[in-house]
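Just so it is clear, A, B, C and D label the chains in written order, and each chain counts residues from 1 on its own.
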């Protein structure tokens, strides 16, 4: 990930003198920011949202972050089966987490602000409800929304958290879970395991915070497995080559990762995994790319 | 679905005299055709690919066609658990079918031509292999690819089909499964249940064909459940209104369904199902739509 | 299934003159009755609870009745995904139903009276709660408990049923769902589909009753698939032979199906399905049947 | 677990002078041994197979060992999704492992020697085949059989292991995976992570062995979560009390854990988890315990 946003602020001369041929953004959060900049007309470099390539978000985000659930287990040495696990968000990262939490036997509740994602979660069989309704019964709350204050930063809400609840952020900064406010509210904070703190509230309840509200899937683990990062890094490598080769034709603004580069990473990964698939015959190719047959 | 493609051929005068304000296409197959036409520059009406709206393909296609598996069961009165079920394709319809087949206890094999969809299937834990490798062990083969001759139309391939295999198409026309060629190859064809035929091959094996190769999820059932069609029809209703109101500004070519109409259907469906979700607070709205906070 | 209980009442002379060499009981319900009779000392024939053989209850009950969910779908042509489905019971039949309901995308709630079965359901990730708490949100209620009045037969309870709820019994008699009382309470009853009736309550709500409260998995379907009944019937055939050959040594009372007959059915079924498995080597056989090695 | 078998060998006087009131056995392996001793008539103490109580094997074994999969992930920092995972065995421990491996996205193959367990695995949708057929494609092999030499201890078999395969035993001693023979065959053995060794074979392939073939679910973790051990320990506590109170009536041999003690643990656990369930009404109690109603 090229720190494009910081560059705009701190090294504007790099941009102005044309030293930056193009940038790639690897995270959902980053892409949102660059889109906002683009919309405001302040994005001054060609920006490829690598995160939005299929070989990135359907694998690194869904599977890598999804398996991040394992970090939460390991952090607290808890049994996931039978737990009420609240997943905030149902995007690539969070839906992957919901799938894994269910796969480990949890009873999963999803909270969302997007109506269509909420419907997807509902039709996938999850409980769907507002966060305030979900909080009192939650044994574990995990966030991956890209937004802040998913648990509202209010004493009244904190008091409703279930005794011994585990709070973990697997998506974004330490503001999804209101870390600062939780620390302030706790009358006692003590480390109890590596990267796990016990917060004792005025009402006597105990809350377990993973990784100081930072990315538990990375902090409590060793990052996402290399087998999934290879796809993300493969995209970035090929895109770096692409940017260098095509820099003369690139204009500032958001530019999609070319489909053939996305596909190429997929083909290479299949090969690495020794998975064989079908190829369209010429007859089939003509059929699906044409419009003369069929009605 | 407006029969736009047929209109171009048979009623060109309707297009030329401006009587057609805009069209909507409801199926994956249809959208592919219109895209091909658009690419060739022969699409002469404003065309909204309603199929590509989130409220359509993630529900009607995935869930409706997915549950179409039930039609295959009902057609043959078979136990799905323990069956080797081959699903050709891993798009919206077919991945929904794979999910349901697994949910009913089948051992699912996915075949694909798209490397990234193949990887998705592989990482979802399905067997992934070329169709020719999958055929000999398949108890049930179900197609939803939008392409033709998924089972190659060759005697040599037909001979490798497992005795008593069930063949069903849930995606497209009666050419995904090579119906015509199967009929020709069979030395005997007899109806054995409503919409199910037994084909006896020269080698003595029996093959059960659902719905004469036409859409088994519709023919053997009563169409998709109304609870899922309401979203598709809701989109079409709102889009019809949109087209009428905005016809002056619409130009020929593919035009995405506006996001707010897609969202509106989602919101209405949630309300109908009495599912409540969160709303962004003003603070949150500003946070995720801005780029000044965070790094 | 030999109608042993009826025989005791209606044809006692058959028992007394020794014409009955032995009996087999094929259902969970029946076995419970015979156990009660045995406990009271009134069971006068050798009685083999075939239902309790592994090749019976883990297949016919779990998988056959489990797939009976499909009958409920077909009866009402509903989408299972996203529905709140209440499964009463978590025995062989009902846990199979819960698995299938979830596999079809439902949000499943289990009700139980047995604490350990309730825990199993809870740890499997299902919602677990008393039936009265589950009723108001249930879109579909399916019973397989072997008990009566699972939905309490009270107007006050009936009034809390959700409008348009589907009620199906897949386990036992038409008393699990209080059919008689529902009919009495309804101000209007009309058939709306084959084997489905719409009951309109005094409060205006509509309730859909499958198969007049009798076994929906059988009535709305064609019985369990032959591929699963073969195991049940295989057991009965081999047991009939066993009873004839061993009748002289059989005494009245409950007698377990011999393990080797159970295993034999399993071996034959694997062969029929062309599934190969491992065999213990001599070294392994001695190891696991001994106690001299290991600590 | 009381070391009853060792006691028979090393402290026979404790048994002979009646100092041992009764024993409890907590493991599947141990119970098998005591059953073998009982069969041979050499079991000289009252022996309660606590492992066979429902509150033990359906929770500690299925869920605790099942989640042990997480240890294997953590040991190697691998992505489970998309992996070919071979689970040897389909008893309580191993079927729990298969469920979790699938829940984490793996493609699971089960090997068994018991025909009925093999059928259960097959009908649950897993691949079922002999171990020798499964080995070449396995990315991860996990054992929980209670037997030895699940991977045959032969150079020819070792050579067929896939490069980079992970081997973990989660069930029994370090002989399920032939540890000694693997060490002997390797031309190089080096620790690469805590409790993980890399074995380099003469053919150049690398094999990763967890926990020196000992219980990976315990060695690489901190034992099973306390939330599941509480049930096992609860049973042992109540059984200790029972043995003391009833010692005069206990005779040497295998004696089942009384059902009411098993139930009591279940009731207490439900209470601890704050899960409410139904109670039989008097009418229902009479109905299911009687045999006069129904046919």
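In this section, a residue touches a chain if its C-beta (ideal position, glycine included) is under 8 Å from a C-beta of that chain, and two chains touch if they have at least 3 such contacts.
Since the model is a prediction, treat every value here as computed from it, not as a measurement.
K.L.:
B-C versus C-D: which interface comes out with more C-beta contact pairs?
P.N.:
Of B-C and C-D, more C-beta pairs in contact link C-D.
K.L.:
The A-C interface: which of A-B, A-D or B-D repeats it, judged by over half of the contact pairs being the same residue numbers?
P.N.:
Answer for A-C: the repeating interface is B-D.
K.L.:
Using mean CA coordinates as chain centres, what's the gap between subunit B and subunit C in Å?
P.N.:
Inter-chain centre distance comes to 36 Å.
K.L.:
Would you kindly tell me how far, in whole Å, the mean C-alpha position of subunit D lies from that of subunit C?
P.N.:
About 28 Å separates the centre of subunit C from that of subunit D.
K.L.:
By the touch rule stated above, which residues of subunit A touch at least two different other chains?
P.N.:
Residues 63, 81-82, 102, 105, 122-123, 273.
K.L.:
Which part of subunit C faces subunit A closely enough to touch in the complex?
P.N.:
Against subunit A, subunit C makes touches at 81-82, 102, 105-108, 122-127.
K.L.:
Touching residues of subunit B toward subunit C in the complex: what are they?
P.N.:
Against subunit C, subunit B makes touches at 63-64, 66-67, 70, 73-74, 77-82, 99-100, 102-105, 221-222, 224-228, 273.
K.L.:
Which of the residues in subunit C end up touching subunit D in this complex?
P.N.:
3, 5-6, 29, 32-34, 36-37, 40, 54-55, 58-59, 63, 111-116, 118-120, 122-123, 128-131, 133, 146-149, 152, 172-173, 262-263, 266-267, 269-270, 273, 275-281, 283-284, 287-291, 294-295
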